[in-house]
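Just below sit the structures, each encoded as structure tokens.
Two complexes, one shared chain (chain A), two partners (chain B, chain C).
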Partner chain A sequence: MADPVKFTIDGQELEAAPGTLVIEAAKRAGIEIPSFCYYEGYSLQAACRMCLVEVEKMPKMQVACTLPVANGMVVRTDTPQTRGARKSTLEFLLTNHPLDCPVCDKGGECELQDMVFRYGAGESRFTETKLHVDEQQWSPVVYYDGPRCILCFRCVRACEEGMGVAALGVVNRGAVSLIAPNGGDHLNCDECGQCIDICPVGALTSGAYRYQTRPWEMEHTGTICTHCADGCKTTLGTRNDQIIRGNNRDRSGVNGEFLCVKGRYAFDFNDHAERLQSPMVKVNGKLEPVSWAKALEVVSKKFGEIKARGGKFGVVGSNHSTNEENFYLQKFARQGLGTNNIDHRRTGDVVTLVDALSGTNGSLATTADMYERKAFLILGADLAVEHPLLSFQIRANYRHHAARIYTVTARAVREDDYAVRSIRKPAFSEFEALEELRGALAAEPELVILFGDTVKGPDVRKLVEFGQSLSIPVKYTALVDYSNSRGAIDMGLVPELGPGFHATGAAGLTLPEMLAAGDLDALWVVGENPLAQAALASKKAFVVVQDMFLTETAKAADVVLPSASAYEKNGTVTNVCGEVQRVKRAAATMGAKPDLEIIGLIAKEMGLAATMGPWLPDTVYGEIRRTVKGYDIPLPLVALGAQQTVPVNGRVGVDVRPDLVWSAHENLFTSGTLGRYSKILNSVIEKRSGAATPEQELARQ
Partner chain B sequence: MYNQPSPLEVPVLTRRFRLPNSHKIDTYLANEGYQAFEKAIGMSQDDIINEVKASGLRGRGGAGFPTGMKWSFVPRQSPKPKYIIVNGDESEPGTCKDRLLMEFDPHQLIEGILIAGLAVGAHQGYIYIRGEFRYLIEHMDRAIDEAYARGYLGDNILGRGIKFHLATHSGAGAYECGEESALLESFEGKRGNPRIRPPFPAVAGAYSCPTVLNNVETYCAVPSIILKGAAYFAGLGSPKNGGTRLFCLSGHVNKPGVYELPMGFNLMRLINEVGGGVRGGKKLKAVIPGGSSCPVLKADECDLNLDFDTVAAAKSMLGSGGVVVMDEDTCMVKAALRIMRFYAHESCGWCIPCREGTTWLRKVLQRFHDGQGVKSDIVLIGDLSRNMLGRTFCPLGDAAAMPTIAFVEKFRDEFEAHLDGKPCPYEKKLVAA
Partner chain C sequence: MTFSPELEARFAKFLAKYPEDRKRSATIPMLIYAQDEIGSVTPELVAEVAKRVGSTPLQVEEVVGFYSMLHKGKGMGKYHVQVCTNISCLLRGGAELYEQASQKLHLGHKQVSADGFVSLEEVECMGACSWAPAVQINYDFYHDVTPEQLDKLLSGLMAGKKPEEIAEVKKVSC
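Showing the complex of A and B:
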């Protein structure tokens, strides 16, 4: 490390590493140098000229965003000259800016407003006609209002550098310059909406949010996105218990400000008209609404009967439910109902990975590792489509630290664009490429291996052996699907393993076995939809379904209990990297209850309240801390930010069934049942495929 | 053919212009052509650069940076290829010399490029030609073909083991691309926005490789320097301002045209003796000495020598050699408006002060000239210009601000004559005449 550089900003004697930009050095010292175009992490522009500062011995003012500090440099940020420059730049900006702040989505959280408030002039000298161009809709979720645009080029960089998509550019020149989409009049992109989020003014606005509210009328709840397994923090803006915006402008969580189309827009399933709001019981083959008391009575009575005669239960949990709910559900199944027939849809072979890692120098990678480690091997996964945050992190790592990336995939993936080596191998034969890469990988100082569902069972063990043989530190990520797939396994939603990967030693039916068992007496499905793909063999089974919607499984149920969504409850979830994070209640739907409460109420009704304990998320989490290895993390720490759970050290001792591990390969625009009920995702898909117009879609519904 | 020559001219770069078929390689070879290149082959890289340094040659694009020094900034040892790029994006209003140099003596330019290539160790050159000069691109291409055919370009030039390739590249019609870093962006196929500097092109230019980038006229001066010696060339001009320069005399003079004169030639002599005086016997009002971006000189300031330093001392610039003469009937508000219209049209839009400032000024000046001006506008015009000055990303903002400030300061009375709904006094005069 080179010696630090010593310099002075506004009389403060400071030190920083060589190459530090004046604007950054000032920020660290608590001195604000205003800027629009400078954006940490993206390429330098020096376009907005807001950050002009005086530097001793330099004749002209200098832009602080491209000027590196130098020994003996004396910088002044607050002088009559700099104040005058800021004022005049803002005066220039406001000449063609429409000042439609009262109806602008950004009003109240607009950087231009804040800048003018702080540095601008009290009155305008501009008396000419303003330039105007009409607003454009680029996609169902992205609108561009050209006159408001201050041309800071943040959106262009977020798209090109951050996303690796480059869907935005500049057309025309001079004062009539505009940002333009790659499709001419529409966008061909990931629809991630980061361009909207990063826009300092109201030039780019969200199709979901525009003209919905004034920002200060919303309440903001930081929670975790319920779609993929990456576990992005999303800040939900709600008004009157309705979610109207998702973003992460406070840049907290594992994702910083990153969000994909699902995290930003696909919260609208929550308000879908088909949300279930009343329990239903099947009467004469037809589901009829009943009171909660009645529905709970029917369930508990039937469960009690079946339990009393030693009948066969099947319990199915979900990889969207919280850890608390899953823990409570398996406890109920195992201790309350006395069955080990409990399972969920398994999407990645985490268990074998944890088992294989015991006794090696390998460990599980964190989300931060994706940005910090030096080399990556991606096996059989299209990260940009299925794990957008991990893809974003690795891309930023490449951009900032020249990370070296190797891909072995069946089809071209976005990571190929900056990979050192890309090898095409059909699914399940990715291994054939490993020996080819051995030399290159062994020469890396460290490695992170990410693998999808084509590597499972014995292949995971082979992969870990391969990693071990490289004699370098290797970290692993078994890619899983949904917001809490990892937690579902950790909480013991499989017959062979209890919470914390403790082998149960007891026999139990797996999910396909439950569905196939002709003598199943009861099937209890919490937040899953197994009957969408398979039939239930047992004709006599009493089916209880907890869900938000009348899914294929719910339609076949004897009792349907309306459950709250992930955005309507408290608890914790564990992401693909094993980081446990807190979800918080942002909204509520009348009539629906969180699954934890529903399970608790059934337990109470069955007289099992003492066995089960209270259904309070924090209390259940306390039990998880005591029971599940690696989860002994105090809640305040979890609330502060992501905490990686410590992987089990030692053999799991059970071979889980690799044939049950299948990813649904949800892409950027699909998300199982939730995606089906997100109008925004559907509108984006329709626009992209051109298959059906919204009118046609409405007619079809 | 262009204008009639003046007996006061010192033809060095233009010495072959009036020969029949001056653009053909045979004419060129018969008149000292490629002899400087052959001489340079026998010289070391340092010798060539030192010779150019000693000649006092300063960049003819406008900034007047010493050429030899610019070449010496190119790293001698570089793992990357080096490039010679010619700025033929001649678009400064009032300037029309590079097109003649390419039209009448294209091989002189090619020879200059070849010598620059030898000086810095480059093997590839590109001539970036203004898009509107379509005919010139084809013309230069034919000259390049001739040079290839005769062994002056290729992998083994003249059998001497020298490799140099040359091609033309078309601009797309942006003034901004005459700025060297914007030219490089455009050359690389991107939008013609200027780049953050440093690094300068000598270190990281085209494709981030070391690049020599000079104006057409600058390269054209090089063969004469090498062939006839630095002392000869330096001796033609005034101190620190070596050689001759192609002055583009336009406006209200009797004999407008491009004249090659020694650096340091007196401006009044240029107007009266070379240009035959102000047209129609009118009185001289003002002169823009070096293209539209240079502050205007009042008639009483015009008795000065046209070299970089003297004009700079008069608070203007020698610029690109475009001398625009304006007689007593010229409306200075209209002149300021015409110039600002150009800059507002040509601002690339990258930075706020230039993008918004030029457009605002254009609107104010238009309104002002239309008789809708109020007294505070005069202050506003000066203020806005000063708010752009020195604060923009590239010199285009300064180029728009500096002349405007000069117009307001030097001809405030004319601005005041437009106030309070009064029609332009000069428009009236024209109608009466």
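Showing the complex of A and C:
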């Protein structure tokens, strides 16, 4: 690295790397230079003029957000001149800005309010009429109030550079400039809401949050989004046990402040009118509400009876439940009910990858790797649609570090726009392109390979062989669908494998086999909806379903137990990169219980409490730490931030049926059964038109 | 969208002038010359230019909104009368000229006559401060304009004469 540059800001002698901006150097030294348009990570704008500073030997004040430090530079940020400049800038910004703070969503957390409070003048010299344009609704989630806009263009850059969508622009000029959407009067975009979050004022407001509350009335709970597998941290703002807002302004978690439409808005299933609030038992073919005591009694009696006569159980776990719940469920199945008939819907071939990588270290990519590594190979996956965070990270990597990207996909993907090479291959034949890319890939210093469900079983082994043959450090990510798909495999929701990929040595029924078994005595489904696609062959099976909603599977159940949502419980989940993160209870729904508690209560009723141990999340996590290899991470560390788990580093050694691995290829606006209950996901035009991406939506028009 | 062969040739020249990844530089010239041909910047034109220079329609809209010489909607009249009222012209009677033109044509700023024949615009500096006050009609400049000259010019136009046929006024072609 080049020698550091020495300079002075407000009398402090400082050093920084060449190219560091004065505003950044000052920030690191604890000196605040106010600004609106400067935003770390995005291109420079120098539009707001708030960051003017005095620099010795320079005749005029300089914009600290675009001025790189230089040797011997003497900067002063707090002088009568800079204070005057800030006052004037704010006076100008307020000439057309309405002072409707009392009814503005941003009131109380508005950067303009804070700046005026700190640096503004007490009075304005402007007596002219303020310019006014009416508020516009651009989509179910994005509203724009032109007069409030201070034209910092943060939203335009976040959309174009951050998201790669470029749905926002600036039309007109001068005092009548406005932000405009790409659809003329509406937006065709990812509906991610980044523009709303990044807006320093209340110009862009959220359809879900607007006029719901004053910000200081909310409580904030940082938890992990329950939709896709990327594991973004979403900070839920709640009032009276109702979730009102999702965002992540404190940039905690693997995602920084990034969230897609699901993480930011699709918490609304939580308050859906069809949420189950009472256990139900089927009487004469009809589900009737009963007390928890009664329902648990029915379940435990029937389970006990089937177990006693050696009947056939089928246990189905979920891709959304916490690690603790999944661990507890498989323990219940294997030790409590004495069956290996336990499975979940498999969405990515993690097992074969772990097996193929046995004997290597550090071969699984982390979320941070997506931003830091130098080259990427994307096989058969549309990241921008199915893994928005990974896509965002790789895009930022390209912007900041010129990462080199290779895509091999069936359809055009957003990554093509900045890829070095893009090759079209139909699904399942992505391999044919590898040899073509061998020379280019081998010339890279390092590589991360991401692959979807079109690469599974023997193909994963071939891929790893290919990767190793490049003689460069290669990391891998097997893409999976949902918030805890990875954790479900790690916790042993597979007949052949116990927790931590340990072969059980005993055969068990897989999910399709359970549904097809005519002699199944009991089917216990926790948070999954297998009967949406398939029928249950066994007519005599006693079906117990734990779910939030009356799904197809719940309708077929003999007993339905209302479960708490992911935002209503504590525990941990593991994301697509194998990073374990903490989920926290943000709200509660009367009558519903977390799955862990429900499983625990059934165990207690059946007299298995001693076998199963207490159903406290932290206690169960303690057991996971002791028994699941790779999860030996203290909870306080997990609470601090994502920790990557490293699975058992040896051969798995059993065939785990890669043929059962199928991704649902959820897009930005679908989320399995759960997605049906999110009003917002179903209301955006991109969803209604069936287009998976804004590009497709525009093409459709 | 198709243009005249001459305009197509002009577009081809612009596009060849800039490096492959700087095609967007051709946006403004393409818009202004296409506007001359079709009368205004239509949504179809915006989409077409975006396609040809490799940007999004919204990015072209940003340019159209920024530059006052690009007109959306029906566009300006066959003769677009532009009067400068910036400081030099203002000091030498530009504002009065604009007022005079406005009353004579019964048009306000950026208004077009019902028959689409003539339109008026109060413009910013056109770089003719040394010869203020200045008036521009389409691409022709008129320098040191007096109220009498403007009257003759506008009367001539309204009588159906072409600007070059109105001999009394000093015209500077660009």
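Just so we're on the same page, the second predicted complex is superposed on the first by the 682 of 701 C-alpha atoms of A that agree within 3 Å, B and C clash if a C-alpha of one lies under 4 Å from a C-alpha of the other, contacts with A are read in each partner's own complex, and residues count from 1 in each chain.
Convention: a residue touches a chain if its C-beta (ideal position, glycine included) is under 8 Å from a C-beta of that chain, and two chains touch if they have at least 3 such contacts.
This structure is a prediction, so every number in the text was calculated from the model and none was measured.
Once both complexes are superposed on chain A, the partners chain B and chain C clash. When both complexes are overlaid on chain A, the residue A:L383 reaches neither chain B nor chain C. For chain A, the partner with contacts to more residues, out of chain B and chain C, is B. Judged by the touch definition given at the top, the superposed model places A:I196 against neither chain B nor chain C.
Of the two partner chains placed by superposition, A:A592 touches none, neither chain B nor chain C.
By the document's definition of touching, both partners, chain B and chain C, reach A:G169. Contacts of A:I602 after superposition: neither chain B nor chain C is touched. Touch criterion met: A:A180 reaches chain C, while chain B stays clear of it.
Clashing C-alpha atoms with chain C appear in a single stretch of chain B, chosen from 91-99, 145-153, 307-315 or 343-351: 91-99.
Where the contact sets of chain A with chain B and with chain C meet, they give residues 169-170, 172-173. Within the complex formed with chain A, the chain B residues making contact are 174, 176, 191, 196, 344-353, 355-360, 363-364, 367, 380, 384, 387, 390-393. Of all residues in chain A, those touching chain B in their complex are 44-50, 52, 60-61, 66, 84-85, 88-89, 91-93, 95-96, 125-126, 128-129, 131, 150-151, 169-170, 172-177.
Against chain C, the residues of chain A that register as touching in their complex are 166-173, 180-182.
Contacts from chain C toward chain A in the complex involve residues 56-59, 61-62, 64-66.
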